[in-house]
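Working notes, beginning with the structure itself.
Labels run A, B, C and D following the written order; every chain starts at residue 1.
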Amino acid sequence: MTTVDGRHTLDREAERLAYKPPEIRHDKQGDMEDEARINAAMHHFVKNFNTQTASYLDGCLHCGMCADACHYHVRTDDPRYTPIWKIELFKRTYKRQVGPFAFFYRLLGLKRHVTIDDLEEWQHLLYDSCTVCGRCSLVCPMGIDIAGLVSMARHGMFKAGLIPHELHEVAKKSAETGSPLGITPEKFEDRVEWMADEHDVEIPMDVEQADVLAVMSSIEIQKYPQSIAATAKILNAAGETWTFRTDGFEATNFGMLSGNPDWQKVATMKLIDAAIKIGAKMIVLPECGHAYMALRWQGANMYGKPLPFKVMHISEYMADALEKGKIRVKHVPKSVTYHDPCQVSRRGGATKAARVVLDHLGVDFREMQFGGDYNWCCGGGGGVVTITRADGLRRRVFKLKMDQVEKTEADELLSSCANCRQSFDDSQEYFNWDYKMGSLMEMVAENLEEDGS
Amino acid sequence: MKKRPTVGEVLQAKGVSRRGFLKYCATTASILALPPSMIPRIAAAIESARRPSVIWLSFQECTGCTESLTRSASPTVEGLIFDAISLDYHHTLQAASGDQAEAARHAAMEENHGSYLVLVDGSIPLGNPGYSTIAGISNLDMLKETVEGAAAVVAIGSCAAFGGIPGADPNPTGAVAVDELVTDKPVINVPGCPPIPMVMTAVLTQFLTFGQLPELDKHGRPLAFYGQTIHDRCYRRPFYEQGKFAETFDDEGAKAGWCLYKLGCKGPITYNACATAKWNSGTSFPIEGGHPCLGCSEPAFWDKGGFYNPLSTGKFDSGTKLAGAAAAGVAMGVVAAAAGRRRQDKFTREG
Amino acid sequence: MTGPEEVRNTPFYGNVGPLLNEVLHAVDRLLETDEPTTIDLAGLPFGPGELEHLEATLGTGELSCKLDALGTSRIRETAYPGVWWLEHRNPHDEVVGRYIEITRTPEILSSQEADITAGRARLEDQLTT
Amino acid sequence: MDLLEFARGPALQVAAYILVAGTIWRIVGILLLREKPDYSEPRARGGLGAALKVIYSRSFTATPFKPATLYPKMLAYVMHIGLFAVVLLFVPHIMFFEGFLGFSWPGLPNNAIYVLGVASVASAVALLVRRLTSPVLRLISNFDDYFSWFVSTLPLVTGLIIPLRIGFRYEDLLAIHILSVVLLMIWLPFGKLGHTFLVFITRGTTGMVFERRGART
């Protein structure tokens, strides 16, 4: 006999929190033959086999410890979410085609040629269930950067036309219009004007010569436009000669996230060209994690030579300005915890910057347990937040993040990444969670000492 | 065929009491490495055993084995055994020589056809019959002729058992062991350079008492004496386990009687009874004298690398071949990388 | 011969302890099932001085006999009743065997059937002549 | 030539050639692939120092991962430490190395070696059980994993059996032991046991790339 606890009514319409295997949906782009898809995948797999990746792909011990670092595996116990398994096809291709013993692998048929079924199956593993957060790269006893390999494996998937539709659409829109959300230069200008009025702040636009080129992410322009004003306030307060440019404002890089190096380069070159055109000494990147990876660490390699200007994440810029006394802030009597964007902190190396800023704000800073470089990812990075079919899984792994945040019992939750903020907001709404993510930059902008230098 | 007396009768004639006989049987059991519970069976067997005829052939040898045996030929218990056998031919020990000696051999062979024992020391040269002859007969011919009517053959010493020193590389005389030539008769190998005298007599005693061949190991050696290694029965074994080793022949470890493994002791792979039977009427054995075992009772002991090289060292050639292997590795690596790059180019062109 | 001074200074090879343990178990067997045990010392490894050390450890008991047959033999009970030390020598006075017997009386001490018969015959001869 | 002579002589010799050639083959084959220059402005010095730092630091688990990886890590530690101690500190092994290196070092008492060897085998068995029972490991394991386990555990087992004398003679056991080492030497460069040398390359690479970014390594 079943007894029903009447205090909790059943809501049959609610989406289940329990893990549901994602529906099998192998998306395809274009109308290539299977053979052509395989060839395209091979082409872009083998392109990435250099000394660094070769040592990684040759070095794996199959110890399985990366599974314990991956939020997808930790939350689901699905062995397929073992990070190294996600790059199995990439690894297999390396061993069969390029590794030191490739001849014998082929001769003896020890590593199968990748098939179209393999590629389709791995679409889910390489996109829906990997945010390229790089936590697995830190646990690996061999020191293999698995996340980096996932990004490279995505090149083959993209060129084979085998990536999730949503991500492909966003990336395509980004390539065609210059923004993943279809923000045209006119629309950007519009929003900037609106923010300048709304917040009563001077925002330079399309200045011919400036020391600093500030850029924005479409997510901010669209969803968190106050960021535009905050950026302007801070740069104004620091006394920079700076500008936004309509010919180079979009910091996000969906070419990189989706795995298309060509589109990645187009997006990156727009920013580089704009900066060079105005003779900028520096590009200040917005609160966006992957933008930092794309320009700070991969930008010069897209350009093919060292960049003639510095690249800074806004948190780095603020930390630097505060340290040098270019800006000053009022103390904020609140307890704060900080969510590190993976690409800025763990993989970008700018972990300290946010802490310096928080220190200047004088808040009661509460580091999450195993925060900083070992932070759990928001679950939305690597383009995952765009893939609607992965929503269930994304929210499921977000539970880890919620626990981590709740344990701090801080008043405020801050971060410095609009993409993180977007996935936090989605899950916050979904779970009716108490914590609403705020922006580090906005907190600084709101608490600037007006009489600053 | 005249009836030979039994051992019991021989002993009785010498006025040995039953108690004395029991004592003799106890020491026999001890020699045969049989448990003391076997003593009554030994007593019964020995009493009724008959004196066998023994022909001893010496080929390419140094007479060390005979020396070893005669060291124990004083009237001891082992000596009694020799009283109990009829040594009808032994060209070192017998008084007769020349034709007379050969006549004695033929007489013994005829008289005891099918039941006599042939003991051989020394190896047989196959290279040229002239390398070693006795009374103008080549060793090979004499062996074949004598063995024909024998009950069994005992190869005494490492030369007869395994070729020994004459058979050592490069083996100029083409020396071979007895069991390479005698295939239709049982051959018992009693190797050692020389073998322990007690072991030689014990093998005869066993044949004498039980009328059967002892259980042999894969090298044809009686398991009773060659069943365990020197190392296993060595009184210095505890030092091996404790990791206490003499490093040189005159260091503190050597003086303290520590394990000689590092000085090249072959005890772990040498099967013989030295450690317990000991030498010179039970006085000691080489390791007790401070010298590592040479492994003289093992096949090809002469050719197993230096006596003073530790057992666990591998046998490597000079470093040149290893350097060659390294160079080959570099070459393969270069080829593999070039092939990998070509493979990359192939796919990037096609893709 | 090894003197007592050397016995004390015997380096420890560790072969005596396990043997004494075996003797202890043999005594247990003798007490429980009356089963005698003979340990042939020839088959055991001993370092220099260890045999003497063993002999000294077992000590001397109440009974000591000398047997004269094919050389002398000394049979004596050790300080531990039921544990006997047997040493056989050949006519050259060389030791040919050493045993520890754990028994009530070593078999060799009993008069043997054949010897009794032979002795009786000799006695009868003496009476008839 | 008996089995021991074969094992100590030609077998070991050929295995040494293969070990050396295979190792260099694999390293050169990786290092001579195309390299991608990194033009990004470094935040900190990468280079050899960074490589060495990570080669050392990845020997230890970062605190956040300790709870989840404690069990396999402990097993791996015991297995590796036991293995290294047995290989490098057992006196007959030291003499083996001295045979071609020309110098030696102090060893451990045999009983200590037996304990370490047994601990190492026990850990290896526990790791195999884990590999066979964990869904993750079952999925990602292939022939290489099981065969490498076999060839690396076999010499430990055959070595430990020698003093026990189970049914075989010492020289045969020793020959089998050496042959098992020969098998290990032959396989080592080609399968995942290559981590013996690849670990320096993979960790070193990560050290250079990530230290350069100033990121956590």
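The working rule: a residue touches a chain if its C-beta (ideal position, glycine included) is under 8 Å from a C-beta of that chain, and two chains touch if they have at least 3 such contacts.
Bear in mind that the values here come from a model prediction, so they are computed numbers and not experimental data.
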Check: interface with higher C-beta contact count, A-B vs A-D, is A-D
Most remote chain w.r.t. Chain A, using mean C-alpha positions, is C
Nearest to the mean of all protein Cα atoms is the Cα centre of chain D
Between the Cα centroids of chain C and chain D the separation in whole angstrom comes to 56
So, in whole Å, the Cα centroid of chain A is separated from that of chain B by 79
Expressed in whole Å, how far the mean CA point of chain A lies from that of chain D is 37
Between chain A and chain C, the Cα-mean centres are separated in Å by 90
Going by residue number, chain B touches two or more other chains at 332-333, 336-337, 340-341, 344
Where chain C touches two or more other chains at once, the residues are none
Among all residues of chain A, those touching at least two other chains are 49, 54, 98-101
A full list of chain pairs that touch reads A-B, A-D, B-C, B-D
As the complex stands, chain D meets chain A at residues 25-26, 28-41, 43-44, 54, 58-59, 61-65, 68-69, 72-73, 76, 134-142, 144-145, 190, 192, 194-195, 198-199, 201-207, 209-210, 213-217
In the complex, the residues of chain B that touch chain A are 332-333, 336-337, 339-341, 343-344, 347-348, 350-351
In the complex, chain B touches chain C at residues 16-20, 22-24, 26-27, 29-30, 33, 35-37, 74-77, 233-239, 256-257, 275-277, 281-282, 284, 288
Touching chain B in the complex, chain C uses residues 11-15, 38, 40, 42-48, 50, 67, 69-70, 73, 88, 90-92, 94-97, 99, 107-108, 112-115, 118
Chain B partner, complex, touching residues on chain D are 2, 4-5, 8-9, 12-13, 16-18, 20-34, 91-93, 95-96, 98-100, 107-112, 165, 169-171, 174, 178
